[in-house]
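The two complexes that follow have chain A in common; it is paired with chain B in the first and with chain C in the second.
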Partner chain A sequence: MTTSPARHLLASLAGIIVLAITATLVASALGPASERILTVFFISLIAVVGMGVYSGNSGILSFGHLSFMGVGAYVSGLLTLPAQMKMATLPKLPDWLAAAETGFFSAILIAVVVTSVLALIVGLALNRLEGSAATIATLGLLIITHGVIIGWRDVTRGSQSFFGVPRETTLWAAAVFCILALIAARLYRDSVSGLRLRAGRENAIAAGAVGVNIRKERLISWVLSAAIMALSGALIAHFLGAFSPKKFYFADTFLLLAMLIVGGMSTVTGAITGAVTITLVTEILRRFEGGFNLAGLEMPAVFGTTQIGIGLIILFAMFRKPDGLAGLKELEERFFPGHRVDPAQTVTAGAVKPVDPTPLQGQNLTMRFGGLVAVRDVSITVNSGEILGLIGPNGSGKTTLLNMLSGVLAPSEGTVRRGDTDLTQAKPYEVANHGIARTFQNIRLFDTLTVYQNVLIAALSTKNGERAVERCETAIQAMGISQFAGSDANTLSYGDQRRVEIARALACEPRRVEIARALACEPSLLFLDEPAAGMNREETDDLMATLQKLTGDLGLGVLIVDHDLKLINQLCDRIMVLNEGAEIAQGAPEDIRKNPAVIEAYLGHS
Partner chain B sequence: MDIFLQQTVNALALGGTYALLALGLAVVFSIMGLINFAHGELMTIAGYVLMYCGIAGVSFVVAVPLALMASVIAAVLMERIAFRPVRNGSGATMLVTSFAVAMILQVLFQNLISTRSQPVLLPAMLSDSVHIAGMVIGVNKLAAIVATIVMLVFLDWFMKHQKTGIAMRAAAEDFAVARLMGIRANTVIAGAFALSGLLAGVAAVLWVSQRASVDPLMGFMPVLKAFIAAILGGLGSLRGAVAGGFLLGFIEIYLSAFLPPEMQEFREPIGLGIVVLVLLFRPNGLIPSATLKAEKV
Partner chain C sequence: MKKLLTLTTIGALLAAPSFADTLRIGAATAQTGGLAPYDAPVMEGIHIAIDEINAAGGIGGTTKIELIEKDVRSDAAQTSIAVQELVDTGVSALILPCDADPSLAAIGIVSSAEIPAISTCASSPTLPMIGGDYMFANFPGDNVQATVSAAWAQEQGHDTAYIIYSPDSQYTTMPLYFAEVFEKMGGTVLGQDTHSIGQQDFSAIATRIAALPEQPDVIMTSSYEPDFPSMLKALRSAGVTSQMIGSDGIDSPTTFSLGEAGEGVVFTTAGYAEEGSPLEAFNAKYKETTGKDSETVFNAVGYDLIKVIEAAVLAADGSTDPKALRDAIANLENVQGATSAITYKGTDGMPVRQVSLIRVKDAGREFLGSPSPDAALIPAPRMQ
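Right, the complex of A and B next:
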């Protein structure tokens, strides 16, 4: 399934096909030289979108993707190389490989499959690393692959040229495969996996909290991107006919990365823009490289003019347009509106089924950061149908406690359980799947995604994504943010951003939304970390009304941390007070107000 | 046993060079999150200064400080011209900027100096060797080890007792708070680049003194290795960079010494394979950076 409006995808598919076919027709009309340039362009573009599928969606730059291009080229080359040729040039090949001789298309298919398997293995290892460390590890991958290709002489002819591959890549073949690759990349970007991955790129912690297992999505995109790279490699092998390991090393890595980055790596539009820009500049500069005559003035030949040109373009792009020439949106997303949600509540009131009362229990929780004890031996129970307030001075451990309950932090001591399920060591995305949703003290939205997508991710990533669209839209309606559905999250005001966050937490807890919609309710818990921070009185009251409706009518449990004591006093059934990491009081609001320990903690000794 | 000891000395010399390079990368990374691809070009610049000094007949004792000065100045200029405009960009933005800088510098070296490898005149003393405990050790190796130790001691002192060094450590922990405490961002970042330039310069002198030649791509491979050493040690951690540099040096030298001849072609992939194995068990490196866990939720 895809997560963007159908009109976006249709527009982009039509655009891709029309562009590629027009370009091919024009090049055919212009003659062999243009055909050659366009074929290489198509093959490069396949590689660029291949890199973009991983780097663009995950935000992790990869230097290692040409390894897969190389593997694709060698595997497919070995398969199509005529048997006699193999006997002459590669006498030490294993027999089964020496005898193998397949057609062009089966060779491509096999190369893609072999490369995908290899990528899966590499990806499992690479996935343990984060951010910049992962980027450098991909550099290592490039060096390792290059080393293996050079060393494995019996199969690859080492650093010598691998030649005799039939030249079967025609312009039309390149065009068709390029269209396929572009479509695959475009669809992946807006697939469930692609959307989750982009959410992880925008905010890894928030993505985990709404049920996204980022590592899994990264692995999927890694393998898909490797498969596309293999396709590009197989095509270039059968275009050139002869190549050496150098073709798949740093020089071409930088060239292709430059295309990806100059255009903008998070979109297919960007990949195309970058590939066109760099190809044009390279073709123009190449004419000047050998020296030229300008108005009678003889200019000397400058070696590497193209590299300097590309380098300067990259610098320009980074200084002026760090997100690339095409920015963060696909072209069609700029022209056509995003998702719309009807603001009218579709929820109908009806009989509420009894609530399964399994509470969440944190027992003897202690959290140490080095020598600092942030939370000391605190036990807490969050019941459904109840609003529990958690208050205390700054630094008293409220958020740390919340983080332990929601899986963001693993407690140093103590346990977190819900019924028979032990959630002490559970990852945030697992906790989210046990019916516990949360918001954050510092708003964590997926900035470059729309409000609709922000909420949809939560719905898609919990409870197997059942009826995700319904749950998403109900949550958006419940929080009254329908009018923003198609806007980017980072364009909203602070108060509205808070609402989006809560809507996302709601959608992530499908049962609550199910209560609201289908009135078939089960217990569920919502953690709100300073939801009213930065809101004015009016907004706070509005929020309070919404929260009371959710708990009163729908029976869900809320754990709320806030400094607004008026809000806490009016809203909460029970209040727990922390000071210096320990519990100092617990009880009904009126008792807490009179408690001498609480007064002392807040006001000091009198 | 003799061979083993001999190779250990070699490993210390190579690992020390990697450690210095990785440290230079780590100093900058820990403060501004930039993976500086152009670090190798700082090395190359220092190498060319040594070469020109040799041609001009300047004594090596004078040439070395000049080379170090050149790489320090180049590093500071690089920051001022290329990296300041993207300072607040993402890690990927800065990395890509640095790789464009590296590419442009490489082409400039090729055009303005030579595409080929150029010989560097070194004092004859460096190619001598001394006998210690039954081992024959090249003076250049010994000098590399001594220089590495001196630099590490200096850096430790600088980071612990110098105002700029302490400011850099503070900035590495939390740049925003450090600035609120009155530390000037420009000073700290320029200082970090100067320091990384100095480390690259020392590494270049050591590198050139083993090989007596310099070419436009001289800095590329060693800095690539230093990147790998830096993640092996723990990206952003200074002690990790040193540990990773030495470990990588040991892995490479022992493999080249003790791997059977038919496997030698796969030396590099095997060496990096070992690094990957270590990372599988310690994904945050040997000595993880302290700031890794500190993200506020």
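Right, the complex of A and C next:
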């Protein structure tokens, strides 16, 4: 299933096919030199979208993807290399491999499968790393693969040329495979897995809190991207007929990454833009490399012009267009509107479904950070149908307690249980799947995704994604943010000067989106960490009404942390007060207001 | 009689040279990367030869040479791309990079386009062997060079040898040919070591050799810069004093600027500028053209390559047809180049040409001779 409007996908698929076929026809008409440039372009583009499937969606830059291209090239080359040639150039090849001689297409298929299996094994190990550690690890992968190809002389001819591969990659073959790769990348981007991965890229913690298992999605995209790289490698091998391990090392990694970065990592549009730009520039510069005559001025041959040119383009892109020339949106997303949601609030089946009444119980929870005890031996019960307020001065451990209950932090001591289920060591995405959803003190939205997508991810990643669209739209309606459904989350709080008034009205919207996202998980328990922060009184009242309606209508249990005592007093059925990590009071609002310990904690000794 | 005369006239007319206006040559050589120290000087020599021929009105006074150049960055894949582009522009002959490995990358294109291709200075005899009818080399073969240096070592009374080679390229496996000839002639090879191209650190190998119970009389390698200078310095600083024997890859200015460590190193190469020799004349011309002294034989090797093509065009009666040129090259005999007389006739594309032995002395060249190797000792070419 895909998560973007069908008109986007149809527009992009049509665009890809028309572009590729037009380019192929034009190049065929222009002659063999253009055909070759376009063939190499298609093959490079396959590799660039292959890298984009992983790096673009996960946000982890990979230097290691040319390993998979290399594996694809060598595996397919070994399969199609004529047996006679193998005897002459690879005399020590194992017998079964020496005798193997398959056709072009079966060789590609086998190469893609072998590479995918390899990627799965490597991915299981690499997946444990985050951020720049993961990037550096991919660099290690590149170096190790290069070393293995060089060292495995009997099979690869070491660092010598691997040659004699039949040159079977025609322009049309490259064009068709390129179309397939682009479509695969485009569909993946807006698949459930792709959307979840992009959410993880935007904000890993929030993605976890709405039920996204980022590692799983990363592994899927890693294997898919490796398969696309292998396709590219097999095609280049059968285009060149000869290559050496150098072809799959730093120089080409640099070239392909340049395409990806210049064009924009996160979109297929970006991959195409980058590949076109860099190919045009290198083709032009390469012609000048041999020296040229400019209006009677004889320029000497300068070899290496191409690399310098690419370097300059990257610098330009980083300064002027850090997200790449194509930015963060697919072309069709700019032209066609995104999701629309009917603002009329409809009572759907989902909204009246009774929720799980089992309370969540935290027993004797303690959290230590080194020598600091942030929460000391606190027990808490969150019941359904009840709004529990959690208050206390700054640094009293409210958020830490919330983090332990929602799986963001594993408690140093104590247990978290819901009925028979022990959630003490559960990951955030597992907690989310037990009907517990939350918002964050510092707004954590998936900035570059639309409001609709922000909410949809949550719906898709919990309860097995059942009735996801319905749940998503209900949540959006419940929060009254239907009019922003197609807007990017990060545009909500910004407006140009002419719309200052509107901007002010919008300023609080990110927080509402966040609550909608939590609701889309169809939770039975909702944790809200300072939901009213930054809202004016009117907006706060509005929010309060919404929350009361939710608990009343749906029987939701709410745990709310806020500094707005008026809000807490009016909203909550029960209030728990923390100070210096320990519970100092608990009870009905009116009792808490009179509690001397609470007054002391807030106001000090009088 | 009259009829015969007519026939002869017609025949003579038919056979009359039909010189084309231009001969287009495509050069895909390594102007950057590891092979640039060889291909860059070769291209200088090629330009000198082409300018000289064109200044005199072209080959046979009519056929000017047009040269199209591409840089292949010492890379196999890039060679394949560049050669294909050159073929697209309709060249009659191709010039390929210095080493067999990138040149081999062009095999498929060269044989299907049926255009003769000459590697600037690849010396691996396997290149024309695997490359087919259209692939030619322009340098004394590795197996021939190894035979010359092994025979010289034996003559000097050296009985034991040690070889250091790199399996990373065909060329750097020349010591295996050396070991074969050396043993055939009654010598003993005490051992061998391998390294990778660009390794730089040779201390482990040096320590191992220094610790041998018996020090070898000679150490043979065909490694080139930047590996050779590091290897030599590591060996000397580990106290190894064996005679070093190298090959044409170290015929570069670097070798003569190594100071004490470089002194006494012996290597085989494609020629020596004896007094009155064509090489001396070439070097004078080089200085006249470029304003500097030629510091490597590779300048002259480039000049030779164009002389071979010129001779082939003349032998093909001025034809620039690639197939005619191929057949002409394959039958060339004793073409006088700057370094030596060059013969392709009777070979599979690996030319018969002079091998010179040079010893580094006082940071300059000492000529040890240009012995003709015993044909019976020359090992058969093989992929290794």
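Throughout what follows, the second predicted complex is superposed on the first by the 566 of 606 C-alpha atoms of A that agree within 3 Å, B and C clash if a C-alpha of one lies under 4 Å from a C-alpha of the other, contacts with A are read in each partner's own complex, and residues count from 1 in each chain.
The rule we apply is simple: contacts are C-beta pairs under 8 Å (C-beta built on N, C-alpha and C of every residue); 3 or more make two chains touch, one makes a residue touch a chain.
If you're wondering where the values come from, they're calculated on a predicted model, not measured in any experiment.
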Partner chain in contact with A:18 - chain B first, chain C second, else both or neither: neither
Chain B versus chain C as contact partner of A:597, first or second or both or neither: neither
First (chain B), second (chain C), both or neither touched by A:150: both
Comparison of chain B and chain C by chain A residues contacted: B
Touching partner for A:91 - first (chain B), second (chain C), both, neither: second
Contacts of A:240 with chain B and chain C, given as first, second, both or neither: second
Touching partner for A:128 - first (chain B), second (chain C), both, neither: first
Chain C-contacting residues of chain A that also contact chain B: 150, 153, 303-304
Residues of chain A defined as touching chain C within the complex: 31-33, 36, 40, 88-89, 91, 150, 153, 158-167, 236, 240-244, 246-247, 251, 289-290, 301, 303-304
List of chain C residues in touch with chain A within their complex: 31-32, 68-71, 73, 75-77, 79-81, 84-85, 88, 101-102, 104-109, 130, 167-170, 196-197, 383
For the chain B and chain A complex, residues of the former touching the latter: 29, 33, 35, 82, 85-86, 89-93, 95-97, 99-101, 103-104, 106-108, 110-111, 115, 224, 227-228, 230-231, 235, 265-269, 272-273, 275-276, 279-280, 283-285, 293, 295-297
Chain B-touching residues of chain A, taken from the complex the two chains share: 59, 61, 125, 128-133, 135-137, 139-140, 143-145, 147-148, 150-151, 153, 205, 254, 257-258, 261, 265, 302-304, 307-308, 310-312, 314-315, 318-319, 322, 369, 399, 403, 408-409, 440-442
